[in-house]
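Consider the two complexes below, in which chain A is the common component and chain B and chain C are the respective partners.
Right after this comes the complex of A and B.
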């Protein structure tokens, strides 16, 4: 058990000051905006919960929220199984391991705006490799909302599936060989090895993968912005950026933030559930 | 576990899918604009370096690359410096409100940047920081400090507590123990944390774009301005885009075994 030491607060203090400046002050300012109306002469008027009611009755907000949830759902439904499939088939030793790790991690390190730019260049029907190959079947992400959806999802799969694969791989390599030997002696089928050995061992990393992918796709902005420049489909962050009225924008920010807070709490509970001590052990890797 | 003889096909196909758009970007950077817009060629007809020359000789391109590298570097130093003692506190002690504090850090990593950019102009203007490198560096602490704390806490918890106790018995003061004994022990953790701070600050667009508007334009803002303008110079854009991949490509080899750990906030 770790010793109790309230003096440890002095160690967290510098970090606290920095994060308070970058997070708490902006958030308080947003709260302040959300209950006031700013007139053209920069006068603030108290309006209570007017903006919140306005946002919750706004069709555009709900549309963006549902669209974002459907998007996140599609992302998870594709990336998680695909990531697991890739991890299962990745080499476990030899020169293939570093090659796989490095090449797969490449998209994760590309600046988000450049990810969008790459896919804009790749998908355009006049100059893009994919666009030119698919234009004969009527593909054009700039004109057709379905094609735009398809492109954005494909882009996200390209960008982030490696994260799922690398996490699942980290879970797989931590399984001791003895487990597999026991399974071989029992004559277990490939499926039962996966179902009863590999999947349970990957459960924890996969939970992390699901939650990370959900949160990040739920607040996606930059990549679609680069590809479709704020056009259809409009996600929550885009809707927030496009809202003009300051108070409404602030109220929407807070509602958005509360949803995120709830999700973070689930994430935190799941991640620290298996840890022995109050603040998690880093785990083995 | 014995894998099937054809298992390699799956990662091979996946890597092929990953490389195709990257190949197209790099290929475009070697083409002339005439070739890009009028002829569809899989391989550049001639490997001309004019696009890169244009990027390297143009003062505006050079300054945006420098701007981004400066605020990313500043952010990495600040994030790791404040995260080190905090992570030590979380990994070694229990104290009033520790769990809540640790959770609150996480909410900042998860918060959408769009929520925080709204009051940035007023806030940073009030401190006279708007449109400076340090403003972006501070704003990126929003998600990088939590990331660094979580990663470092993971590494530090792997070091047995007995080492601390022995050092104190040997007469080391806390700063002397921390800098001379503890930091060398978690050197790889510090490296990994620094890499991920660098990376996440480098790839971020929305916050940097809303804080640095005219004096310190980030590289991605310039790419955005040029890629959505009419009469786009695709060749130069592809060359500049290719150059933004280099920082990641250089260090990736060194962190290859920690990639999953870093992206999962040290929890693997």
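Right after this comes the complex of A and C.
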């Protein structure tokens, strides 16, 4: 048997150190805070799972969690189909391709906070274009949580549908012509071509799109902070910001983190359970 | 079942073709008989795939007509043509099972469920996918996927012809033989017209009963494998078919003698070819004899191909290849003679019939 040189492990060391300082140690610090009470004199007291129980029994936390879930659900339900629809209708050749790609990429380049500011002004009922136009039907995002909610969804769709569209487009253009030719020979309808060729071929990139959009929308903070200054509706992130106790903050952060991890895992497992097959792609006989 | 007639087909991919070189297909007139197994053989870029796509309707020709059983199909879309096509890369619907893949063309045409099940079972049996019938198509190997593509063509009862566009390109060598054998078997059982595009002469000659050789946008010869070998009607056929290809040497005529440099080969009769500048003399390596008499030559290289050896010689400054069977030796001072039955004369690359050319 060949002797194994364990010296190679030292090559992994720099990476381990970097990961430790960037991820593991900060996370463990948060874990540490979550089980302690920090007194005003910087004294730490062990409190066990007190903060976790407190968070899980807090009505505000659950309300914020539901709001987050519904918000992410709305975002996915709008952006994924809309993005796919846009991608399907984008030109495949000619000067239209670069024009479309650049136009689509523009919203992605705008920083989160700037997007928030743009929409805050756009939606103002005194000077904003949209606000003034919708004023007559009672729109006012500062006074009405539903209107604020509507504004935030509209803003996210404006900001991120391009990402889904670009990913879906990348999936679409990678389909060889022979597939479309074979489908014509098999007499497939437009819907069948979409259902059995385009959708399965886009499944992998759509998995990425769904994960990215879910995580990102679930962690939404900057935009509501910019638009409504963390008022109503309260999301987990804004709720977290308003929490004062360090231990409670830490416990809530961990729960928040675990929820995102769990949801992402569920999405990924469901969507790739048959090698990149999207949901609802079962036996079609 | 269908007979396919191509009537004065010309095709250019760019609009407004002016010069002859703008055409990918310069002029094609060809009939594919009902139930025949044809191969379209030619090098890359000769127009064979264009021709196939014109038959299936994926490309519509610039000029000319496509007739199926005498009906003009030129303006009919692909899905109305009762044609199946198998592509270079296997095209399967990944998310469906093998059975669903095969049922797909029938479902799209609104065939009854019972009828679909019956046809699909038959086709699964023909292409030999019984063991995989309920497996999802995604995980299958390239040759299994290619069998599905073939099966989707066979499943339609009304299919007039199946077109193959280099279907074995991505198949492993050891599977190629098997798949080709099953293609032949399918042809035997179904008697569907099959047209098989390839640039591989072995594939063409083993699959087809009639080989259509294409070169530079034209059909240069149509014939059985034996005809293509024995009597190439164009220098390209001589050169492309056979391994190594035909020896083609520029020559001139002197009455009934063919002049090869300082030496002459007498012909049985004097062909009327006055004023033909581009005369060439063609002989396959199988008909080149090495001995003590004839035209002196020098050996430049010998390749051992196992059962025979290929001897590359230089004769009058021109390269000539000869085949030596097992046991035959290269003479000390080799002289070349030509077997009369293998001697052909070409004018402007096209064969001129000469009765019984002989070599001394």
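Throughout what follows, the second predicted complex is superposed on the first by the 244 of 285 C-alpha atoms of A that agree within 3 Å, B and C clash if a C-alpha of one lies under 4 Å from a C-alpha of the other, contacts with A are read in each partner's own complex, and residues count from 1 in each chain.
Here is the rule we use: a contact is a pair of C-beta atoms (placed from the backbone, for glycine too) under 8 Å apart; a residue touches a chain by one contact, two chains touch by 3 or more.
None of the values given here were measured: they were computed from a predicted structure.
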| item | value |
| --- | --- |
| Which superposed partner A:221 touches (first chain B, second chain C, both, neither) | first |
| First, second, both or neither for A:250, with chain B first and chain C second | first |
| Which of chain B and chain C A:66 touches, first, second, both or neither | neither |
| Contacts of A:112 with chain B and chain C, given as first, second, both or neither | first |
| Touched partner set for A:192, first chain B, second chain C, both or neither | second |
| Touching partner for A:182 - first (chain B), second (chain C), both, neither | second |
| Residues of chain A touched, compared between chain B and chain C (which is higher) | B |
| On chain A, the residue positions that both chain B and chain C contact, one per complex | 281, 283, 285 |
| Chain A residues within the chain C interface of the complex | 176, 178-179, 181-182, 184-189, 192, 196-197, 200-201, 274-275, 277, 281, 283-285 |
| For the chain B and chain A complex, residues of the former touching the latter | 1, 3, 7-11, 14-15, 17-22, 24-25, 28, 36-37, 40, 42, 78, 81-83, 85-86, 88-96, 98-99, 101-103, 105-108, 110-116, 118-120, 122-123, 138-139, 141-142, 145-146, 149, 153-158, 161, 199, 202-206, 219-220, 223-224, 227-228, 234, 237-238, 241, 244-245, 247-249, 252-253, 256-257, 259-261, 263-264, 266-268 |
| Residues of chain A defined as touching chain B within the complex | 2-9, 11-12, 14-16, 18-19, 21-23, 25-27, 29-30, 33, 82, 85-86, 88-92, 96, 98, 100-114, 117-122, 126-130, 132, 158, 161-163, 165-167, 169-171, 175, 180, 193, 198, 205, 208-209, 212, 215, 218-219, 221-222, 226, 229, 236-237, 240-241, 246, 249-250, 253-254, 256-257, 260-261, 263-265, 267-268, 271, 278-283, 285 |
| Chain A-touching residues of chain C, taken from the complex the two chains share | 56, 58, 77-79, 83-85, 87-89, 91, 93-97, 99-100, 103-105, 108-109, 136, 138-139, 149, 152 |
